[in-house]
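Shared between the two complexes below is chain A, which pairs with chain B and chain C, respectively.
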Partner chain A sequence: MFLFGFKRLLQGVVTVWFIATATFFAMHNVPGDPLLNERAGSEAIKANLESKYGLDQPLSTQYFIYLRNLSRGDFGISFTQENREVNDIIREHFPVSAILGILAIVFAATGGVLFGALTALYRNRLPDYIIMILVILGISVPSFVIAAMSQLMLVGINNMAGSTILPVAGWGTILHMLVPALVLGLGTMAYLTRLMRSSMLEIIGSDYIRTAKSKGVPPPRIFAKHQLRNAILPVVTVLGPSIAAITTGGFVVELVFAIPGLGRYFVQAVQQLDYTVIMGTTVFYGAFLVFMVILVDILYGFIDPRVRLEK
Partner chain B sequence: MRGQKKSRIGSKLLEVRNLEVEFDTYGGIVKAVRGVDFSVDSGKTLAIVGESGCGKSVTVQSMMGLIPMPPGRITSGSALLRGQEVLGDTIIEGKEIRGAEIGMIFQDPMTSLNPTMTIGNQIAEPLQIHRGYSYRQAFNEAINLLDMSKIPEAAKRAKQYPFEFSGGMLQRAMIAMAISCKPSILVADEPTTALDVTIQAQILDLMRDLQSQTGMAIILITHDLGVVARMADEVAVMYAGKIIEHGTVEDVFYRSAHPYTLGLRAAMPTNDPANQHQLNPIEGSPPDLFSPPPGCGYCARCPWAMSICHKSHPEDYYLNSGHYSRCWLHHNDSKIKPNQLSFSEEVRG
Partner chain C sequence: MNRNGSNGGSAARSLALYAAYVLLAVAILIYILAFFAGNTGIAINGGAINEERNSITIALSEEPPQLDSTRSTDAVSFVVLAHTMEGLIAYDQNDQLTPGAAERWEIRDDGATFWIREEATWSDGQPVTAHDFEFAWKRVLDPDTAAQYAFILYPIKNAEAVNQGDLPKEMLGVRAVTDLVLEVDFERPTPYFDKLVAFNTYFPLREDFFESTNGRYGADAAMLLSNGPYILTEWVHGASMVWEKNPYYWNSEKGLLDEIVTAYITNDANANLNLFKDGQIVQTGLTAPMLPTAMEQRWQIDRFMDGTLFFLEFNHREDRVTDNLNFRKALYFAQDPSELVYKVLKEASYLPAESLFPIWIQGLQGAFRKEYPLPKHSLDLEKAREYLDLARQELGLEDFPPIILLTGDSSLSLLAAEYYQELYKKNLGLELRIDAQIFKQRLAKMTSGDFDIVMAGWGPDYFDALTFGDLFASWNLNNRGRYQSEEMDNLVRTAQSELDPQKRMDAFGSIQELINSDVVIIPMYERGVSFVVDPRLKGFKRRSVGPQVDYNYAYIDSSQN
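Up next, the complex of A and B:
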């Protein structure tokens, strides 16, 4: 198990290096120059940047400087915001995105597993039909539509109640987080519901469930001890990429609900060609996702004994 | 006729009478079991034989409440365990039928055990449910049961998962699980079909040993006549959802009274060098159970079929108190008797 974790970690480091390299060369092939842009900062910033990054030097030298800085955890200084380190931006705004993302994943995973199991147990009956219609809606309606509509609904609820039950936008308390997290997790929840349903249907018809029935195991115990753990395996597999989709896809929801997350800076940086911020946030997101996928892999080992013993 | 038979059988451990099961499918209603009667005594083994799709498994699974309903449906019949009805009921006399009164093992041990649960926990589960054992007690008993099933290093093996076991070992573990609550009947649904021949013999020996230790009855479903000869006291031959011949293993093997049984025997290889003969397959395939024939299900493949065979189904003809055959050839008006025929000559002729 320890060896397995170590191996995955090593693979993760290589993956992050690959992401960093791809980002670096992609950025240098983007047309335009942030220092000539009219939105770029003063002469002072320009001079500082040129000396710090050696922008007049050959690409290979720049690449090694970039890698050296990266290995020290230094993402550099923003091109557009004077004296603002990329690390500061990440440190300040990433926790917000992370909390929102984790909450969304918790919603998505618990909702997906529960609704998926429910639809499978009530296959071709009313609860199945209702949930599956909602699932199709959840998958096909884009998140900005759902975000705006849920805001509208919140306004309506608050008006009816006469006081603010749930804030419409902003950040600060747990109440601010609930609705955005739900909206953010909805698409993934719908996807996981479908996945869980099909996996659960397969398990229900399997030989070992028949064995459990022949032993006289009562249905609730069959569900908890035999069906759930086996049916959840494919859901856990896609949980890694799902975390990716949710944390990086959060900027739309962050924008609509006015949440000071990292996603907004990421989009802003792309619009302003802020090289260091783009590269820094991309590499950071990449590393975060790789780490999450490794975590999911290790978690998978705990659920499925067959993976655990693989050397 | 039925009343007569009941009195002959007397009071048995398990008596199944006139069981009928059908399934709704997109193609229509499949009448999988069309009136099956049999009984088993404690300490005895009943073998149910027949080719694939003739209703063997459905018969026992409907007794255990294992057929999915819908689409399955038990349309008539009864199964009395010590005189108590078990069809549609899962508890009799405060005891659960499944697991506690009837234990069951299946054809493919590789897929019949939960892959994410240790063997020991799976064996311990019925003890916790039916006997109210604590987890510790049940797990220790599971180790004893594995030991009884001749699995070496039982304590270590109990902590392992199914993927760490071989097929034969898994079937032993399945048996340990099925007998954990000392059931009065062990139902074995083709228990050796998925195993290789040397392992088959070991599993059958194990089942027989356990039977002599516990006095349980065994209902053995198989299409392997070699397994029947080795294990069974009584044999019920099924065809197209009906039992067409029933009797002691000697009666059915040496005094076969139904053309289908004769056909099965002619299709069976022998290792007796003095008695080498060519294997004679039974031509054709079983009838479509969407619309079962009004007469005998076998008449389309039977070399002795008469006109009445196509029209109405034969009664039970008793050759002795426990041996009956459902074949018109036994009727007084029939000119030929199946027990006077040499099967291969007739087919060749």
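Up next, the complex of A and C:
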């Protein structure tokens, strides 16, 4: 088990190094100069800036300097927010994205499992149809539409109530989090509902359920012990990558609801060619994703003994 | 059937039980998360206007990237700094110069003297002195600072040489004679220097405080020292800011609110509109699609020119077709900017542009464009085709090669680019190729000359015609189309240094004519903003020059309730 974990960890480090290297060279090959500004500076001003950021060095030297700093966990200073370190940006804004993401995934997972079980239970009956229509909507409508519409709805509710029941945007209290998290988790919730439904239906027809039934096990017990628990396994598998995807993919929701998360910095950095922030956030997100996948692999071993046996 | 039904029913019951457990767990988790969330933002629910606290709430479009005034270059930082800092001279509510930290000044042809007022005070209670300006200006020009706006200080003697590292900082033509007298030497006569010192890059900086921040000046609320009407007291990065009234500020006409809260940071126009509708912020901009909503709500919609001019800039490098005057004239006469603005862009606050100088530029007495009117332009296809034939003969071409139109990637610029593509195809049979690029790459291509025509914009730095007038001087690095003409260079030199106001203004008149007759550019539009302000807030100002939004004179009018 430990050997297994260690091996996966080593693979993870190599993956992160690969991400870092690929991003570094891809970024330096994106056309455009990060130091160019609307007001054209003289050669002197430009040279001053280049030496400040070390861009006057050859690319290979920059790469090795970058790797050395990376191994120390130092991502450097942002090009656009010139007196903030990239580490500070990540430290201050990732928790916000993480909190929002965790809540979103909790909504998504509970909603997905409950609705999935419900649709399987009421297969081809009214609740099934209603939920499945909503699921298709949830998967196909992009989040910026849902975000904008739900915000408009909040304004309507507040106006009708005559006071602010739920804040329209902003961050800081529990009330600020509910709607954005729901919007953020909606796509995943829909996906998990479908996954849970098909997984439940697959199990209903399996041999051990039939055996349990023939042994006279009471139906609620079959449902809880055999059906639900086994059906949840595939959901757990996709949960890891989903957490990473939700935590890193909240850009639109963060923008619409004015939430100070990291996603905003990630996207803006690319638009503004802010080299250090691009590198910092990409490597950080990459490492986070790799970590989540490894974590799920290990957890899986605990939930399903067969995985351990195969190793 | 019956059996199945009861099966489903009891399973549903146990599912409901599970659901109840899970919901309970979720509720507990939410409270735990809320606790952590409380540490990453400040909860603000005061509404747009709080009369009791004499406070208002606003939104910013992004986190201010640089609050070190010697290095900042962007509009949002300028807005914050316009409230926390004050230069030697400031602009009043009518965009007229008004004394700031200096109570009087004198501008000569070889230099200037500023007398700093005794009551000017920093937010820690210490007096503002001439040394603070001397230190700030030397820091701007220090090569190690790498300030992008350093060029705006180049009228000061030796400034450019210091910035290039050819001369030591001590040689810069600025010195504090006493604590209250600042003496400046000019590199060349600079009659508009009073307007320059109102700009952000000329704001003061106190040496001992700056050194105490260890290179983190402007990074946090505690790392800032203010001499303006407001102090930044709280700053949660990316989330919120609080500006409080500066108790040490000298001018009782500015800083009338006790508190300005920036509770939201987002550039999503719809989010801002929703916040305004919900009564959470005092003002918001309106884009064209929002105007019907605004009318429905019976809001009073204000309009304002934001100062920026957009134009088609030609590439005047020799190997380009656009170097040919008759070709440029053909393009000029085959278009009409009012069609672009009224029929294509349909932004109600935009104005068709006619000149390099926007309508709000001041002349000697009144508006520059009234004092120096241009002949009315109208679409003339016959003339355009004649010029195109002339160009064809001069260049010895059967057919023109495809013309590269370089543009930004916003939906508005793409709309305009497609309009020109269609227009010139239809009117002149020319093929335009649209090259849409992200901002930084568009700049890179403009700088290297990789275009025939570029859709460019220019916003003013200071309230003087020269902020547009020197754009096409051969030495100006922003002249990215490389237009070169001796006549233009001479006119710009006159406009820069002529001390007789009449002669100086005449030079601007001639620059305008030359731009027009030489078709250096084709003016497209002057950008405007539609916006709506909470009726209880008075004295709020939007500016063409300086901070885009200005709350320095704003106050709450309680009679509006």
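Convention: the second predicted complex is superposed on the first by the 292 of 311 C-alpha atoms of A that agree within 3 Å, B and C clash if a C-alpha of one lies under 4 Å from a C-alpha of the other, contacts with A are read in each partner's own complex, and residues count from 1 in each chain.
Quick note on the criterion: a contact is a pair of C-beta atoms (placed from the backbone, for glycine too) under 8 Å apart; a residue touches a chain by one contact, two chains touch by 3 or more.
Predicted, not measured: the structure shown is a model, and the values here were computed from it.
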If chain A is used to align the two complexes, do chain B and chain C fit next to each other or clash? fit
Does the superposition put A:V217 against chain B (first), chain C (second), both, or neither? first
Look at the residues of chain A and decide whether chain B or chain C touches more of them. C
Using the superposed model, determine the angle chain B, chain A, chain C defined by their C-alpha centres, to the nearest 10 degrees. 160
Touched partner set for A:Q57, first chain B, second chain C, both or neither: neither
Quick check on the superposed pair: does A:S71 touch chain B, chain C, both, or neither? Answer first, second, both or neither. neither
Least CA distance chain B-chain C after superposition, rounded to whole Å? 6
Taking the two structures together, which residues of chain A meet both chain B and chain C? 218
Per the touch rule above, chain A residues touching chain B in the complex are 206-208, 210-218, 221, 225-226, 229-230, 303-306, 309
Touching residues on chain B, where the partner in the complex is chain A: 64-66, 90, 96-100, 103-104, 106, 108, 111-117, 125-126, 129-130, 161, 163-164, 174, 177-178
Under the touch definition given earlier, write down the residues of chain C that touch chain A in their complex. 6-8, 10-15, 18-19, 22-23, 26, 29-31, 33-34, 36-45, 47, 59, 62-63, 65-66, 68, 71, 73, 143-151, 160, 163-165, 215-219, 236-240, 263-268, 270-271, 274-275, 277-280, 437-441, 443-444, 447, 461, 476-478, 480
What residues of chain A sit close enough to touch chain C in their complex? 31-34, 36-42, 44-45, 48-49, 51-52, 80-84, 88-89, 92-93, 95-96, 99, 102-103, 106-107, 110, 113-114, 117-118, 121-122, 148, 151-152, 154-155, 158-159, 164, 167-174, 176-178, 218-220, 223-224, 228, 255-258, 260-261, 264-265, 268, 271-273
